[in-house]
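One chain, chain A, links the two complexes that follow: it is found with chain B in the first and with chain C in the second.
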Partner chain A sequence: MHMGNALLFILLAPIVGGLVAGIDRKITARMQGRVGPPLLQPFYDVGKLFEKEQILVTPSQNFYITSYLVFIVVSGGLFFAGGDILLVIFAFTLAHIFLVLGAYSSYSPYSFIGAERELIQIIAYEPMIILSAVGMYMVTRSFYVADIMAAEFPLIYYLPGIFIGFLMVLTIKLRKSPFDLSTSHHAHQEIVKGVTTEFSGPMFGLVELAHWYENVFLLGFIYLFFAWNPLIAIGALAIVYFAEIVIDNTFSRVTWQLTLKSSWIIAGFMGLANLGILYYLSAVVPL
Partner chain B sequence: MIPLPFLVVFPALVAALLLLVANETWRRLAVWAGAAIIGAASLSLLFITPQSGPLFYPVGYEALTEVMFAVEMAIAVFLIYLGIKHRKYLAIFLILFQAALLVSFETGRASVVHGVVPNLFIDQLSLIMGLIIGIIGSLICIYSLGYMSTYHEQHPTVPDRRRSFFFLVFVFLSAMFGLVFSDYLPWVFFFWEITTLCSFLLIGYSKTDESVNNAFLALNMNILGGIAFAGALIYIMAVSPGGEMLQLHSLIQSSHAIALVPAVLIGFAGITKSALMPFSGWLVGAMVAPTPVSALLHSSTMVKAGVYVIVRFAPVLTGTMEGLIIGLVGGVTFLLASAMAISQSNAKKVLAYSTIANLGLIVACAGVGTYKLVWAAILLIIFHAIAKSLLFLCVGTVEHRIGSRDIEDMTGLIVRMPRISVMMFIGIAGMFLAPFGMLISKWVAIEAFIEAQFGLAFVAILAFGGSLTVLFWSKWMGKIVSVCPVAEKVENGIPTEKWIVLSILTALTVLICLAFPVISAHLIEPFVLSVYGQTTRLSQDNLTIMAMMHFLLMIMPFSMLLYRNDKRIVPAYMGGRPTTPDLTFSGSMGMKQHVSLCNYYFEEVFGEQKLFMVGSALCLGLILLVGTLTAGVAL
Partner chain C sequence: MSSLSRSPWLIHYDASSCNGCDIEVLACLSPLYDVERFGIINTGNPKHADVLVITGGINEQNREVVRNIYDQMPSPKVVVAVGICACTGGVFRECYNVVGGIDRVIPVDVYVPGCAARPESIIDGIVRALSILEEKKAEMEKQGGKGRAGSPVGGGQ
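Coming up: the complex of A and B.
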C-alpha cells in the first residue's frame, strides 16, 4: 500500500479534475463554434457555489452528499494506493448509493426520477467494471492495483474487448450524452437536473467536487490498460477523453432501456468473449 | 458442557409444554425461558469447539432408529389423512411413494446385523449452524409472542391456534438441531422430514384456501426431495450392506464411486428444500404464513437445512461434472431470482426472491466446492441468516403499524417510524453494500470462482446478478428514506419484546461484519482446513480497510451536526409552480394537482412469470442432465 499516493490523490485530484472539466468545456465550445469559458471556469463556478446560502429540502440531504463525497474519495484513494480493485469498485458503488439516497430523500419528482435512472445506470455499468477487474486479474494474477500497475506488458493487448466495454460504460460514468440520463452537464435535461435537482449552493459544490474526484479515478482505471508505458498511457487518456467529448457532442440522449440493453450486450459480448478467450488460452498456454 | 442431545430434546420438551399451556401469561413465560435456555445452550457449544475434525458422541439407544421409523410412518398416515381431507391427490401419491421407499429401506436395514452405533457429532460447521438455529431461532420465537397476539387481533377470522403454533416452532428448532448434529443418515432423514412437516403445518396456519394450497405446494416439493433422500439411503444400503456408509463422515471420506450418487440425490433434496428453481414456488408461496414463520423459514431453519447438506457434500461434489451442474442450478437461480425481485413491490416477496437468490449463490459455491468457495458459502449462510431475519421481522412490525407490506406504502418510513427504519436500513445495507457481510461473501466468491474449473460462467453470473441486487435493494432503501414532510409518526405501541429482538438482530448485523475475521479464524478456517487440507481468508490489509470503512460509516451520521444551523428549508422544485409541502401544486385552470411518486418495477423486462418460466426450464434441464449422469454412474 502506498499511502503517499492516496494522499496525493486527495490533494491533487480536485485540481486535475477541475482542469479536465475546463478543457472539456473549452473543446466542447469550439466544436459548437463558440469561444467557450476560460480554462479555470469550473473552479470559479464551484468556488461561487460555496459562497452561496445553503437552501435545503430536507436536512438529511447533507448526510448523504457528504457520505457520497467521502466514499468517492475513499475508493479513489484506495485505488491510487494500490489496493484491491474489487474493494475499490464496491466502495465506489457504495458512494453512488449515497448519491441516489440523497436524491430520494428530498421527495421531489425530478430528483426521484433522476434517482431511479441513476440506479439503472449503476446496474448498466457495474457488471462491466467488475469484468474489467476480473480481466486484469486473469492477465496479471492479482487484484491489487499496485501489481496490475507493475505489469511489464501492455494489458490492452490481452484485454481489447474489455477495454471497449469499459469505454462504453465510461460514457455513462462521465455523464456524457447519449447516456446522461440521470443528470447532465447541460441545462437541457427533461428532468431538470435529475439526481442533483434539489442540491444547491455548497452542497452542490460538494457534488461537483466528488464528480472531479470520480473522473480522475476513472482516468486512472484507463491508465491501467496502458500502464507499461506512461507516455503512451497519457496519450491514450487524451485520445479517449477527446473521443468522449466527440461522442457527447454528436449523439442525442437515448432511453434507459437502450442504455441498459446496449451496455449489458457490450459487456456480455465484448467483455465475456475477451475473458473466455483468455480463459481458454490460460488453460492451453499459461501466460 | 451441555451435551448435544440436550439441544435436540429440550426444544421438543418446551414444545410439548407449549401445546398444553393455553394461558397467555404462562405461554409467555415458557417461550421466554425456553428461548433463553436454548440460546444459552447453543452459545455454550463454543466451549467445546473442536480443534480439528468432528467430535463424536455415541448415542446408546439402538431402538431409537426404530422409533424414528415408526414416527415417520405415523407422519405419513397423518399427511395422507390431510391429503384426503383437502383432496390433494398428488401429495398423497408422493407420500405413499416415499413411505414405500422407507419401508423397503428399513426392512433392508433391520435385516442385516451391524455394529454401527448412531452418533451425534459436532464440528465447526455444525457448531455454526447450531449457533444460528439457537440464537436467531430463539429470538424469532420471542418476537412471535408479540406478533401473534397482534396478528389475531387484526385477523379475527383466523382461529386462534397459538398453542400449536408455538409447539411447531419449537419442534422445528429441535429438528434443526437434530439435523445438523446427526451423523447417522437415517436420523438426518428423520429430522429432515420433521422440518418438512413443521413448515407444511406452519404455512397452512391461517387455514384459508390460499394458505392450504401453498402449504401443499411446499409439501409436494419437499416430499419430492425426501424421495430423493430416501433413494440415497437405499442406494447406500445396496452398495454397503454392512451399513457403515450410513454414517455421514464415513460416506464423505469414502471414494467417489460410493459417495457421488448419494451426494447428488441428497443434493437434489437440498435443492428442493432450499427452494432453488424450479422449486422456488413454495418459498414464495410460504409468505402467506405469519411473518415470524417466514423469518424462521428464510433465516435459521428449513432453507438453511437444504444448503447445509449441500455444503456437507461439497468435498464429494467438487471437481465432478455433477457438482458443476448443481452449482449451475444455483447460479441460474441467483441471477434470475435477483432479476425477479426487481419487479416486486410486495416487501415479503422481495425478501423471498432475495433469499432464493442467495441460496442459489450458496449452492453455486458449494456445488463447485473448492475450499475457497466452501469458505465463502459458510460465510454467506451466517450473514444471510442474520440480515434476513432482521428484515423479515422489521417488515412484520411495519405491517402491523401501517397495515401494508407494500414497499410503495413505506414512503417516508424514516419520518413515520424512524427507529424501525434505521434498523431496516441497516438490514438492507447488510444484504448488498460494502463493507457489510453479504458483499464480502460475494467478493470472495468472485475471487474464488476465477480459479475454479469453468468458473468464468459463475463470475459472469455474479457480475450481472450482483448488480441486479443493487437495484432492488436501493430502490427499497430510497422509498424508506424519502422525507415526506407531512407524514405522521406511528411508531408507538410496538411491544417491548419486539424492540429487544430487533435491536439484538440489528446489533448482530453490524457486529458480525466487524467480528467475522474472528469467526473465520476460529470456526470456518479450521473446518475448511480439516476437510480440504488447505484454507483461505481475506488478507489483512483488506480487513483493515473494511474496518476503516465501517468506522467511517458509523461516524458519518454525526456529520449532520455540522449542518444543524442550516435552517432554510424550502419545498421541492416543481417547475416553478406554487407548491405545498405535501406536493400539491396549482396546475392549469386553477386545478389543484397532487403528485405521488412510485418506484420503477420494469415489469416488461423483469416480469416474474416470464423469468420463472425461463429459470425453471433451464434448471429443470440441468437437473435432468445431472440425473442422467448420475443414473449412468449408479447403474
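Coming up: the complex of A and C.
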C-alpha cells in the first residue's frame, strides 16, 4: 500500500476534478456555439456555495452528505494507495447509498424521484463495475490495484469487451446525457435536479466536491486498462472524456427502463462474453 | 470580488406576466447573449439560487407562491424585477386581481423597466444586482451566523 498516493489523491483530486469540470463546460459551450464560462468557473461555484446560508431541511442531511463525501474519498484513497479493488467498489457503492438516504431524508417529491432513480442507476452500473474487477483479476491474478498497475502488458488487449461495458456505465457515473436521470451536472429544471433538490449552500458544495473526487477515481479506473504505458493511458483518458462530452451533447435523456436494460445487456454481452473467451483462452494457452 | 458574484445562479419565475419578458429572459441564455460567460446558470430550484428574476405584476393566485420561492432561497439573495409590470404593475395595474408590482410582496433590489425588457437591459440589471449581492454578504458577515433555525418549508424526519 502506498499511503503517499492516497494523500496525494485527497489533496489533488479536487483541483484535478474541478479543472476537468471547467474544461468540460468550456468544450460543451463551444459545441453549442457559445463562449462559455471561465475555466475556473466550477471553483467559483463551489466557493460561492460555501459562502451561502445553510438551510437544513432536516439535520440528518448533514450526516448523510458528509458520509457520502467521506466514503467517496475513502474509496478513491484506497484505489490510489493500491488497495483491494473489491473493497474500493464496496466503499464506492456505500457512498452512493448515503447519497440516496440523504435525498430520502426530506419530504420532497423531486428529491424522492431522484433517490429512486439513483438507486436504479446503482443497480444498472454495479454488475459492470464488478465484472471489470473480475476481468482484471483473471488477467493479472490479483485484486490489488498495485498489482494490476504493475502488469507489464496492456489490459485492454485482453479486456476490450469489459472496457466498452465500463465506458457505458461511465456515462451513468459522470451524470451525462443520455443517462443523467437522478441528477445532472448541467443546469436543469425540477425533476432532473433530483437527488440534489433539497441540498443548499455548503451542503450542496460538499455534494459537488464528492462528485469531483468521484470523477478522478473513475478516470483512475480507466487508467488501469492502459497502465503499462502512462503516455498512452493519458491520451486514452483524454479521448474517453472527450467522447463522453460529445455523447452528452448529442443524445437526449432516455427513460430509466432503457437505462437499466441497455446497461445490463451491454454488461451481459460485452462483459460476460469477454470473461468467457478469457476463461477459454486461459485453458488453452496460459497467460 | 468574491466567488459569490462570479457565480450567480438564478431562478426565473413568471408572476402573471404576458410571457413577453419571459421570452426575453430565455433569450439571454441563447448562444447570442450566452450569460454563462458570467457564470450565470438558470436553475429551476430556489434552494440553489442566488438571484430571483421575476416578471409580471403578481395576482392574488401567485402572491403566496412568490413569497414561498423567496423564503426558500438561502441568503444572501437578490431580486430583479424584469419588465414594467414587475416594476409597477404596468397596464394591468388597475385590474381587480393584480397586486401591482413585485415590491408589494417581496423586497426588490433592481428594477429593469421595458415592455418587453430587452435582453441587454436584463443582463445589465442582473450584473448590477451582483454588487448588491456582495453588499448583502458583507452585511450578513457583520451580523455573524450563517445558519437559519428551522426551515419555512418541508419537514424533517
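We take it that the second predicted complex is superposed on the first by the 284 of 287 C-alpha atoms of A that agree within 3 Å, B and C clash if a C-alpha of one lies under 4 Å from a C-alpha of the other, contacts with A are read in each partner's own complex, and residues count from 1 in each chain.
The rule is simple: contacts are C-beta pairs under 8 Å (C-beta built on N, C-alpha and C of every residue); 3 or more make two chains touch, one makes a residue touch a chain.
From a predicted model like this one, the values you see are computed outputs, not experimental measurements.
With both complexes superposed on chain A, which partner does A:134 reach: first (chain B), second (chain C), both or neither?
first
Touching A:198, do we find chain B (first), chain C (second), both, or neither?
both
Looking at the overlay, does A:120 come into contact with chain B only (first), chain C only (second), both, or neither?
A:120 sits against chain B, while chain C stays out of touch.
Touch check for A:107: first (chain B), second (chain C), both, or neither?
both
So in the superposed three-chain picture, is A:53 touching just chain B, just chain C, both, or none of them (first/second/both/neither)?
both
Just to be sure I read the superposition right, which of the two partners does A:35 touch: chain B = first, chain C = second, or both, or neither?
second
With both complexes superposed on chain A, which partner does A:279 reach: first (chain B), second (chain C), both or neither?
first
Jot down the residues of chain A that show up as touching in both complexes, chain B in one and chain C in the other.
Chain A residues touching both partners: 53-60, 105-108, 197-198.
Using the touch definition up top, name the residues of chain B that touch chain A in the complex.
Counting only chain B, the residues touching chain A are 411-412, 414, 433-435, 439, 443, 446-447, 450, 456, 459-460, 462-464, 466-468, 470-471, 474-475, 477-479, 481-485, 539, 541-542, 545-546, 549, 552-553, 556-557, 559-560, 562-564, 566, 568-575, 583, 595, 597, 599-600, 605.
In their shared complex, at which residues does chain A touch chain C?
25, 29, 32-38, 41, 43-45, 47-48, 51-60, 105-108, 187-190, 193, 196-202, 204
What does chain C use to touch chain A in their complex?
Within the complex, chain C contacts chain A at residues 2-4, 6-7, 9, 31, 34, 36-39, 41-45, 47-48, 50, 72, 74-76, 137, 140, 146-148, 151, 153-157.
Could you pull out which chain A residues touch chain B in their complex?
It is residues 1, 53-60, 62-63, 66-67, 70-71, 74, 78, 83-84, 86-87, 90-91, 93-94, 97, 100-101, 103-112, 115-116, 119-120, 122-123, 126-127, 130-131, 134, 137-138, 143, 192, 197-198, 257, 264, 267-268, 272, 275-276, 279 of chain A that touch chain B.
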